[in-house]
Amino acid sequence: MDKTPRLLLALDILAAAGMAGTIGLVFLYAPIERVMGAVQKVFYFHVASAWVGMLSFLVAAIVGVLYLLRREPILDIAGHAAVEIGLVFSIIAVLAGMTWARPVWNTWWTWDPRLTTAAIMVLVYAAYLTLRGGIDDPERQARFSAVYAIVGAVSVPLTFFSIRLFRTIHPVLFGGDTSANMSDFSTDPRMVVTFFVSLAAFSILFVALYWHRIRLGQLASRVEELKSSRED
Amino acid sequence: MGTFTRTLLAVAWKDLAAEWRSREILSATLVFSILVIFIYNFALDLEVTLQSDLAAGILWVTFVFAGTLGLNRSMSMEKDRGGLDGLLLAPVDRSAIFFGKMTANLVIMLVVAIVVVPVFSLLYTINLILPGVILVILLGSVGYTAVGTLLAAMAVQARTRDMLLPILLFPVALPLLVAAVKATAAFLSPSVTNSAVPWLNLLIAYDVIFLVIAWLVFDFVVEE
Amino acid sequence: MIQVTQLSKRYGSRWALRDLNLEIPDGRFVALLGANGAGKTTLLRILATLLHPTSGHVTINGLELPQQAPTIRRTIGLVTHLPLLYGELTAEENLRFYARLYGIERPAARIDALLELTGLASRRSDLVRTFSRGMQQRLAIGRALLHQPPVLLLDEPYTGLDEEACRRLDGLLRQVTSQGHTILMASHDLLRSEALADRFDVLTRGAIAASCDKPSLPPGGATAFYRSVVEMG
């Protein structure tokens, strides 16, 4: 396997620095929010993770379309990688959201459109992986995965709109108060800075992880090829 | 009559005629739907007169679950006969095959609705037989069978075939479900604040988007 | 005329066909011999436009795969060991359905003719699921011939048939052959193939290892020929 390219190494370092910087800013620089308290800081991780989750989805869908048109195996590896990473970050987003919700609104779950959409994304990602797992023929597996990535990616914004519509018509949360809106808190310019830094750091982390994961996928298929040519 | 329409009607007729002879899908789906309605009654300890939100919810959950039965079966039958080979050998547009199968699935789903809706209305003393509700059932069924037929075509080729379709379909059908439930509820108890219009718009958008996607993408699902 | 040049098909890391070359002139009946898993079904499905090759060149009657696949579909008929018929419909309804798919004009006359040819005229209004396997296979051939394709592809048509059904199928195939179709039949029933075909091609390890015209068969016929190729390779 080729050595890790220099650019990827640089990206790794940048990602690590970004995450360290974000953690520093979140805990040392951003102020404690007046109403919700320290737990509001989860917000930075929650939104950034959800952002990566959605970005992954978009990437998976685009790569899916490309695969159907070009049929290059690396595009399938790229699609699979995007879904795996997206799944992890979406789960983080959901868990972070729940951690935030519990102390603030005394409930593990709020039907906030973003949180709910993140949860649905987890389900769609998991469905994608289940589909992949059930098909043996690699070419068919790649084709079907690409199709489902497209279907899933298109459904996610529709899900978001439907739940947001649901919420604007029903602003009162079951058993909670009307301020149960996750973007409702007083903002301070330091929070804005921290927010964007966290967004950037997570994005760089995504790119680094994605690149690594694609390389891993290529290595895996190379191993498959070697294994089968040995059997001949 | 264009080849596309001819193929679509031929495939739809073939599916429906075959189904009519055995009535396997219809009977299983009907029995299942009635069972689900009864189970909800006991599980949720529902009052005799059901309020509209709850009624809409139960109705659509019933349709969604029962729908997967039909979708699964109709594709499995094709697969057991040697797949769609017979259809794929013919000099016809693949999307016509898709729309033919989707039409058959849609008809079956609507036939089930025709039975389920009056039964539901009777059991829970709530009149569901309203033009608005019928419209929502039509729009919802179109979207559901569009995505469902497409995903069933894939699911049926996997090892885990029976379990896979709900796993693939439900997360993706969620916006449709939400819109259908809210629209139905709005028609059942109309008020100024409780308008069905935005939900109908969402339903129509969903239908159009996924009909187009299915039309574009079905080729890739069946071409080996 | 079927012309196949350097045809390859891989599934993941496994090559089902590897640089296969094949040429079948019009009107010939070629028996494709080979063990299970040798690639016969893969080759037939590619020719039937049901499968995309990984690489290579296929021309059928001057039309190229895969670009001209829809046009090629009018010129080929495929019979596999699954009849591709709908059990809940009658024989006649099955044929009428396929006639509509193929856009056949005046289907009624054609369907009558095929029901006669396959000896199933008396059972035309019976549900196909009541047919024996042999009858289903014969109807399947009728289905494949609906649009009068110049090329007929048969994949192990004798699978699961008893002796009587085999003999009936033989008779039907002989009649079809006399109509001048180009026929490629995959079979591991060497004796039956020998009776019907006029050329024998052996497929091993993804390619045609040897080909022999009927008059040039060694003593011991197709069986001996097949064994000699397989043992050598």
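Labels for the chains are A, B and C, by order of writing; each one numbers its residues from 1.
Everything that follows uses one rule, which is that a contact is a pair of C-beta atoms (placed from the backbone, for glycine too) under 8 Å apart; a residue touches a chain by one contact, two chains touch by 3 or more.
Source: prediction; values computed, not measured.
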item: Core chain by centroid distance, with centroids computed from Cα atoms only; value: B
item: Of A-C and A-B, pair with higher C-beta contact tally; value: A-B
item: Mean-CA-position distance for chain C and chain B (Å); value: 38
item: Centroid distance [mean C-alpha coordinates] between chain B and chain A, Å; value: 31
item: Distance from chain C to chain A - Cα centre to Cα centre, in angstrom; value: 51
item: Shared interface positions of chain A, touching two or more other chains; value: 139
item: Residues of chain B touching at least two other chains; value: 224
item: Residues of chain C whose C-beta touches two or more other chains; value: none
item: Sites on chain A touched by chain B in the complex; value: 68, 120, 123-124, 126-127, 130-131, 133-136, 139-140, 143-144, 146-148, 150-152, 154-155, 158-159, 161-163, 165-166, 169
item: Complex interface listing, chain A residues touching chain C; value: 137-139, 224-225, 227-229
item: Complex contacts: residues of chain B adjacent to chain A; value: 147, 150-151, 154-155, 157-161, 164, 167-168, 170-175, 178-179, 182, 193-194, 198-199, 202, 205-206, 209-210, 213, 217, 220-221, 224
item: Of chain C, residues touching chain A in the complex; value: 11-14
item: Residues of chain B defined as touching chain C within the complex; value: 3, 6-7, 10, 13-14, 17-19, 21-22, 81-82, 85-92, 223-224
